[in-house]
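Dropping the structures in below, format is structure tokens.
Here chain A shows up in two complexes: once beside chain B, once beside chain C.
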Partner chain A sequence: MATGESWRIRYLPPAISLIAGAALWQWVGSQTSAAFLSTFSATVARLVALTVSGEVVTALAESMTLFFTGLVIAILIAVPLGVMLARFRVLRVASETYIMMLYATPMAALIPFILSLMGFGFTPKVVVVVLFAMFPILYNTIEGARSVKPELIEVARSYRSSEWGLWRDVLIPYTLPFALTGIRQGIGRGLVGMIAAEFYLSASGIGRLITVSERDFDTAGVLASIIIISILGAALMAVGRRLENHFAAWRGLGR
Partner chain B sequence: MSATTIVAPARPFAWLPTSNWTIKLIGGLVLATLWQVLVGAFLPAYVAKPLGIIAAIPTVVTNPLFLSAAWATLSAVVRGLAVAIVLGTFVGLALGRVKLVERAFGFYVSGLYAMPMVAVLPLVTLWFGYTGAARMATIIFAAFFSIAINVADGAKSVPPEHLEVARSYRAGWREIWFGVTLPAAMPYLLAGIRLAAGRALIAAIVAEFFISIEGLGFFILFNSRTFHHNEAFVAVLLLALFGVGVEAAMTWATRRFLPWYRREAKTD
Partner chain C sequence: MSSGAATIRRAAVTDPTHRTESASQSRIRTVGAGKRYGDFQVFRDVDLEVGAREVVALVGPSGCGKTTLLRCIDGLLPISDGEILIEGARVTEPRAGVAMVFQHFGLFPWKTVFDNVAYGLRLAGAAKADIAEKVPHFINMVGLKGFEKVYPYQMSGGMQQRCGLARALAVEPKVLLMDEPFAAVDAQTREILQLELLSIWEMRPTTMLFVTHSIEEAVLMGDRVVVLKGRPSTVHEVIEVDLPHPRTRETLTLPRFAELREIVWNTLKDEARQAEFELEKGR
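Then we have the complex of A and B:
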């Protein structure tokens, strides 16, 4: 498949488009004040400078510690809870409406409450990331739970499966692909939560990098940080999608 | 083979009209009681509690400040969504139907979609100042990409036979785009709107925190700073109501206008 022809069709348009985009950016940037939009070259130079000075690494380390702490806690709460709701129908019926409401609630609205209750520090920021990331996971796990066929549980029971065996061989494998869809969504929302927490609670990581540059009208710094965040977001989303697709076959609708 | 008796509609609200109302009601009462008792026992008195929130509702919803804040935020979200839907549908159709457009611009769209939109706020305030225009720009930015991506997915999923038939009848590109592709991509558009509405709400609130302009986000910020948590929580309830309302409207619209879509398997 990788003949010269298909290679050209595949990579030429994006390459031309990227170069054209950079050239356009450079031109617009050079026509306007640096406080409005810095040029492409100035942004790249700033990106390199931030990387060489180690600021990017420090900021990324801070942000990623926050993000993964929050994401792992969200998964550890939401997945077991979701599977438990798969097992006990009454609990599921009693709670799913409220979970759905929380899923649709913009969690950003809770940030001021967390601020006035918990103040500044690492813990309130983790709470924000957990709140953002948890409900997509819980919601999707419950979607999976709702579709566990009662026949499967009945058959497992007829073969005298223990409760643990039922969880291990039926419930967890059945709900896992759904949970992973939720985790992929949770990654996206958790990143938003991470940045929001770094903006409004104690400034740290990439969020601080952006706000500090903004205060100095340093658009090169703002744009460089946004590029870093975009790469980070795209990479994390790609990992999430990979995981999801890997287990999607279990649903019987693999792609 | 016996037909399966299990209906598994993978959509929110699909279970609502069926039954189980008492279980849900009891579940809600238990959760509210737990909230009331636990917060009362362990947290400071100013923290929002269900009874306090219920008591605050009449004064808050008659407060003109709250009403104008609600109007400012929700009308901005609706207008921003409308702009994003129109633009996103066009861009999505172009991405899904024209190979060259997808090759040349697809990675921009998916890259910006994956970016946490809150991050552009500082840039947007540099460009638009600390004004409502900055909030509007953030809302559109947050909502646009989920619609464009979903419509593009939908446009790609059009059965090739439909396009072949359209072409053999010498349909022009306008008929192919808006007569064949768009109707087939409709469920994807509705899914995109549902996603976009959630993102637009978050964008509006976060923008109001950042810019400090009139709106529900600022109402919440102001009241929670002055320890009026119950009052602030009424605004959260309104935002939740709006989010749930959009979800319900999209589910209803999918069922009402696109009943054929329910046959297909889809996840998000």
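Then we have the complex of A and C:
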């Protein structure tokens, strides 16, 4: 059966590789001091305990509030700004150097500066997430909006489109798949920003869970928290890819 | 043979009306129109008149600026000298009542056939009920019934241009500008589309300026064929096409069709770029 075959190829190798990884972890963990590396089973047990106690839920809620606030603001800034910079050459040329510099700058370097400027609290943490997530979105949006076919802009002009109509009917739909590629990258970066903000600014959420576990030499707790972030990141990326494919269907790649 | 004779007879009756109407008022008028890019003069002193129910085919060698002229008439490009008038008004920007069909189709790939056809109507602020009524009507007219929810990438080039045509027709333009509309489709599809466009035109005749590379197409579609030539180019010759209406597949078999084709060909053949023309003598 073809379906059985594809099922086996699809799920069997990753399952085996995951089991092998867990076994290896279990073995290495059992050979090492628990302060350095806890075993797989101990980590899972800790994860379950943290979940049951409700600590994971609270931490996740805090972290996700921070993350999504930052991501949404980053999208709301970067997408319109990107289309605008692509559309108006003067603005683009004028700001290009700054954008390239900021895109290349490791944002973590800016955290002490943000701390001294804005202190502790929710707002500076959001700023950090925005800074981390924004530039890949901005960069991809500019690249996308710049590649809008001049023919389509000509069609819009020929049908007497207003500037707003041009954005609504041509620029934004054309740029959306590119922006979503940026958003997918922005999700990854934003998660880094979230953890960094929770480490270095006022401790909260998953970041705090890691810091506290580490202080208590609770290696299993640290690893459990990291697993949570990993799963979260992978899930968000998958959602991002789904969205990207959905909005890029017109490119004919969907089928 | 008898059916051919009938066509000619019927046309002999309809044709004079057709002529007088077109002579009485000109929808498109260019007076000494010229276009320059810096020092490069694309065309100059173009005087052209197209009547209300007239089809004028514009031919000329590659790079003679016929597409540029069409864009100037649509108001997409400003002219450098002279003026362009549509219904007596100077063209400075794209005007309502003028629609263009593009060589590259210009469909929005993220819109369905329905939404592409509705595009011009929506921009013109048409009422929802109006759109719901007109869009299917024009989709039907170009033979795309049943494809309303299909996206451009799922269709062949010929079908895409049908959609482009429906979009232009949907705004019920007084002036239809055709920019080599069938140049990007294969020869058989082109012939089918030409004949369908002719029958649509017979149903609702409008002013049509038709830019083409194909001499056959120019003679088949046009009441007149305007030849642009020279560097910078200008109107070199205007050939009256006295073929009967309605133009159908039979028109292609008329001796007069072949004669006219030769006449247009002869005005162009001394041009060094004749190799770039598609005479399609083989048909």
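Here are a few things to note about the model shown:
Keep in mind that, in the parts below, the second predicted complex is superposed on the first by the 237 of 255 C-alpha atoms of A that agree within 3 Å, B and C clash if a C-alpha of one lies under 4 Å from a C-alpha of the other, contacts with A are read in each partner's own complex, and residues count from 1 in each chain.
Please note the rule applied: a residue touches a chain if its C-beta (ideal position, glycine included) is under 8 Å from a C-beta of that chain, and two chains touch if they have at least 3 such contacts.
The shown structure was predicted, so the numbers you read here are calculated from the model rather than taken from an experiment.
Of the two partner chains placed by superposition, only chain B is touched by A:F199; chain C is not.
In the superposition on chain A, A:R160 makes contact with chain C only, not with chain B.
Touch criterion met: A:L115 reaches chain B, while chain C stays clear of it. Contacts of A:S17 after superposition on the shared chain: chain B is touched, whereas chain C is not.
Between chain B and chain C, B contacts the larger number of chain A residues. Look at A:P106: by the touch rule set out above, it reaches chain B but stays clear of chain C. In the superposition on chain A, contact is made by A:P173 with chain C only, not with chain B. Once the two complexes are overlaid on chain A, the chain A residues touched by chain B in the first and by chain C in the second are 251. Residues of chain B touching chain A in their complex: 4, 6, 8, 10, 12-13, 15-16, 20, 23-24, 26-28, 30-31, 43-44, 47-48, 100, 103-108, 110-112, 114-123, 125-127, 198, 201-202, 205-206, 209-210, 216-217, 220-221, 224-225, 227, 229, 232-233, 235-236, 239-240, 243-244, 246-247, 265, 267-268.
Taken together, the chain C residues at the contact with chain A in this complex read 74, 76, 93-96, 99-100, 102, 104, 106, 108-110, 119-120, 123-124, 151-154, 171.
For chain A in complex with chain C, the touching residues are 151-152, 154-155, 157-161, 165, 169-170, 173-174, 249-252, 255.
Put simply, chain A touches chain B in their complex at residues 9-10, 13-14, 16-17, 21, 35-37, 90-91, 93-98, 100-113, 115-117, 139-140, 143, 146-147, 149-150, 178, 181, 185, 188, 191-192, 194-196, 199-200, 206, 210-211, 213-214, 217, 219, 222-223, 225-226, 229-230, 233-234, 236-237, 251, 253.
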